[in-house]
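Mind having a look at this structure? Questions to follow.
Chains: A, B, C and D, in written order; residue numbering restarts at 1 for each.
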Amino acid sequence: MSLKERVANILKNDLLEITESKGDVCVEISRQTLVNALKRLKEEGGFDFLSDLLGIDNSDLYAKPKKKKKKTEDGTEQEQEEKGPPPPRFEVVYLLLSLSTNERLQVRVRVPEDDLELPSVTSLWRSANWPERETFDMFGIRFNGHPNMRRLLMWDEFQDYPLRKDYPLEGKGEERHLNYNIA
Amino acid sequence: MADWQIELIKVVFIWAWALIIAVVMTWVERRASAMMQDRLGPNRAGPFGLLQPLADGIKLFTKEDIIPERARKILFVLGPPLFALPAFSAYAVIPFGDKIVIGGKEIILQVSDVNIGFLFILALSAIAVYGLVIGGWASNSKYSILGGLRATAQLISYEVPMGLALLTIVLLDGTFSLREIVLQQQGTFLGFLPNWGFFKQPLGFIIFLVAAYAEANRVPFDLPECESELVTGYHTEYGSMRLGLYLFGEYVNLVTLSAITVCLFFGGWSLPYVDMSKFLGPVSYGIASFFVFFFKQAFFLFLFVWVRWTVPRFRYDQLMGLGWKALIPLGLVNLFITALLVQLTT
Amino acid sequence: MKFQAIHGEGWLLTKAEQLINWGRSRSPWPFPYGTACCGIELMCALASGYDMARFGAERVAFTPRQCDVLIEAGTITKKMVPVLKRIYAQMAEPKWVIAVGACACSGGVFRTYSTAQGIGSIIPVDVYIPGCPPRPEGILYALLKLIDKIEADHPLYKQRSKVVEALEAAK
Amino acid sequence: MAKEIETVCITTGPTEVGDYVTLNIGPIHPAMHGTLRVITKTDGETIISAKPEIGYLHRGVEKLGENLTYSQFLPITDRLNYCSAICNNVAYEMAVEKLLGIEVPPKAQLIRMIMMELARIADHEVCVGILGVDLGALTPFFYLIIQREEIYEIFEWHHGARLTNSMGAIGGVEADLPDRFHEKWPRMRDSIRKANDDTDKLLTHNRIWMDRTVGVNAFCGDDALNWGFTGPMLRACGVKRDLRKNEPYLLYDKVDFDIPAGKHGDVFDRYMVRMLEMEQSVKIIDQAYAMYKELPEDAPLMKKVPKILRPPAGQIYHAIESPNGELGFFIRSDGSDKPYRIKIRPPCYMVYQAFDDLVKGEMISDLIACLSSLNVIAGELDR
């Protein structure tokens, strides 16, 4: 049984889409069933190790002009996206690993821009602690149930979310000031 | 020359000498550590970098003197001298040579032969602790206060085994005067060994040496100023010459401690098996005894450096454990056995 | 005669100045503010192969009160800027700063939202070393340049800058 | 301890209130290696909680990656884990090669292996040396550093840089092994072993060293996996997991080596795992070099790749075993010449987030020992 089939068997109805690129299998599941599905993947599928967790801002991808489509050989993904309505702006990818079979699986969840919330998976893997904070820091996606949802890399007073595509590379001129209350 | 003049010369000489050794020690430490680590060490100031301590001194003297705003100013100022001075004062009772006869006048090479010289040294080393504690506390910095706390606990704990080890020597020689102790260590023991405290009290020597390292705040016991944990511990907030006094006091301490070691356990100025006074003139004998003492002392000074660059550092609770669970019981047993032997043999 | 000494031509004060400069230049204790890659090269410069201790830069002090030269090696991010300012403010006069590496000089390759573009705009810098990272020889050369600068200093009287004099003359 | 002494230091974030002293360690502190910062609550010398605070070296590398082409990003990867830049280079190159679907010629693979293992040795040497320095033993650090200069020498011969190597290119390596490698390597093997022996003699059986390290911050394997530990940290906990064996890349499946593993996951085991891994790396280089010598002199070093890379759309994740553990690159391509999203999975990021768990209840000195045994490199931690 291949990895794809096994994952499909475990996820059953929760599975929205399954893709493969260069041998990396990526499954998409919905926000509502995220924790449950990941739990089943962990316990039944043997994906017991969370390598990493990351956010992606898709706004540029969908807003891209179509002229490049001809150049790419397998532009299947782009063609698909043209058919339906544009998907939500953000997505979060969970990189899972099975320690027994050494297989890797990517799980992605779409997060719409108007409701930037996801359930936290820190109860399943404690290693999700900082990556979730970083995703909040960089994209503004909040994780419900996270023990300490604060900014991780940028300073606390920082306003923006730097890894969003509409944030300029060189920033908006923010400076950090600290007021020492030396009385 | 009047007696007071001779005394004055001795005082000035011995203070200057202790100063010079301490200054040279800073250079030796740097160069010796460099030698052990495949480096060269400072070699730009003067020949072989010998003037390096002078350069450091000039720099420290001309640096801005900062007293942190929230520090206890008086205590902050008081800390460094309180640490450095007792170490100097202890040198007053150390016999750094036998005697020298100039113009028919016999001069004892010791500033003052106090009959309780021993207790004097212990008392002074207890005062030196206050220098660290006050400095650490007055700085109003958390690292400093931790360093000060560690210093208090460590120095007070290690005073006890040190005292116990020293008492065995007192028991054996029956005197508190350092000069008397040295005089009693001449000749041989069991027929072939030098009559040194080291051979009569090997366990006592080891306990004393460990306690001395702890007293001097050197690796492996440099917890009060633990570079990697407490930044620089009790003198984190000190700069300019106040820092210089702390650093310098540490080296003076080393000089004093190694001098005590030589006096108590290695026969002071006397050479084993050889009586120098028989074939040397009165003046040359005095000078020779002085140098014998110095070379023995230099060996222990080098040992301090050697150990420092070889071993890692203890943890706070391990340090306390070593002091209270190992050294003090050992010291007590050692003292008891010595007392028993002394009682039986006399 | 009295004022001659103070104005830099007197024998006594110039000799004293030379002595002070000699001491200061022979013992520049570094504060290794190594934040990134350059910190590793700074470590090499301090260790056996290159041995910065030869020039007296031996006692590596991590407390700003006890050091003379702030060797800022590595990127300074905007989050770090207040810390750097504070460390510099805590150092005792006279103090010098060496900026090691492209990041410390100008931000280097990291022209991004979170990186301060060089420390020159944050604290005064005496010697800049380019390179990403510079070799340990570069760091030693910078130290020698700094020593030259220290030796040309006038610690006993304030040298009034030509600009100020010109301004006063214009009044 | 008295009530909380008002903090002179800078503190941010929520703080627990209690009869404890807040001790701010870092970001500039001798044991924090640059930019790490831990805000601890201590009861005397015992640590109640230790909250790491990171981001003091956040340089926006991932954002930068989205604005540079695939080849331009290669030099940026040097600045991640600057102790072993080559591993980062190779990890990135291999991720892009996976995205492009090309395989590198065997000679290039062997050269990459040799250089990576040298980088691994260099990294472990720094880690062990610094661990010694932080525990008060300065001398081993100098022995290891002077040896490390020789490794740098080889790096310089090969690709011209000491620290930020930017070795290789996407599709292979640009240069053959240096001519004098066959003379240099046997001598260097001896010097590596000598430096290791000297360190071993000074530390391993030293009673004080054992007191300071054995049983300190012991961590169990299950917890370690849950926290996402990889590399020497995980192996010290007794889990024999090494990507070189478990998911072989390059030609690691053709060389014979062991995975050293500890039992208790304490500082001593971490130190021993690193020391033993250096031995294994020497073994791997020997075998890889023997394989390299069997190849013809004019064997290709580079796969032909276009000047401007435009990988097909898709997203991949590729990980290698860097000296600190699993170093992965997640790249999403949209078919253009710049990656759409690039995410680096740094190994010490996962380790450092468990810091509170690791040091709770230990003493301040153990915190220092623990931190240096984790080998947290700020460059890859904050990116």
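In the analysis below, a residue touches a chain if its C-beta (ideal position, glycine included) is under 8 Å from a C-beta of that chain, and two chains touch if they have at least 3 such contacts.
All values derive from a computational prediction rather than experimental measurement.
K.L.:
If you tally the C-beta contacts for B-D and for A-D, which one comes out higher?
P.N.:
Of the two interfaces, B-D and A-D, more C-beta pairs touch across A-D.
K.L.:
Measuring centre to centre with CA averages, how many angstrom lie between chain A and chain C?
P.N.:
Roughly 46 Å, centre to centre.
K.L.:
With chain centres defined as C-alpha means, what is the inter-centre distance between chain A and chain D in Å?
P.N.:
Centre separation, chain A to chain D: 25 Å.
K.L.:
In angstrom, rounded to a whole number, how far apart do the mean CA points of chain C and chain D lie?
P.N.:
Taking the average C-alpha coordinate of chain C and of chain D, the gap between them is 32 Å.
K.L.:
So which bits of chain B are touching at least two other chains?
P.N.:
Residues 37-39, 227, 231 of chain B each touch two or more of the other chains.
K.L.:
Among the residues of chain D, pick out those that touch two or more other chains and give their numbers.
P.N.:
10, 29-30, 55, 58, 60, 63-64, 142, 146, 382, in rising order.
K.L.:
Scan chain A for residues touching two or more other chains and write them down.
P.N.:
Within chain A, residues 153-155, 162, 167, 169, 178, 180 contact more than one other chain.
K.L.:
Return all touching chain pairs.
P.N.:
Those chain pairs which touch are A-C, A-D, B-C, B-D, C-D.
K.L.:
Would you mind writing out the residues of chain B in touch with chain D in their complex?
P.N.:
33, 36-39, 70, 140-143, 146, 219-220, 222, 226-231, 309-318
K.L.:
For chain C, which residues are in contact with chain B within the complex?
P.N.:
Touch list, chain C to chain B: 19-20, 22-24, 26-27, 47-48, 51, 53-56, 58, 61-63, 65-66, 68, 92-94, 155.
K.L.:
Name, in rising order, each residue of chain D that touches chain A in their complex.
P.N.:
Listed in rising order, the residues are 10, 12-14, 54-55, 58, 60, 62-64, 67, 98-99, 101, 225-228, 241, 246-247, 310, 312-317, 319, 326, 328, 330, 332, 334-336, 340-341, 343, 345, 349-350, 353-354, 382-383.
K.L.:
Provide the residue numbers of chain C that touch chain A in the complex, in ascending order.
P.N.:
Per the touch definition, chain C meets chain A at residues 78-79, 81-82, 86, 111-114.
K.L.:
Considering only the defined contacts, which chain B positions touch chain C in the complex?
P.N.:
30, 34, 37-45, 49, 51-52, 54-59, 62-66, 227, 231-232, 235-240, 243
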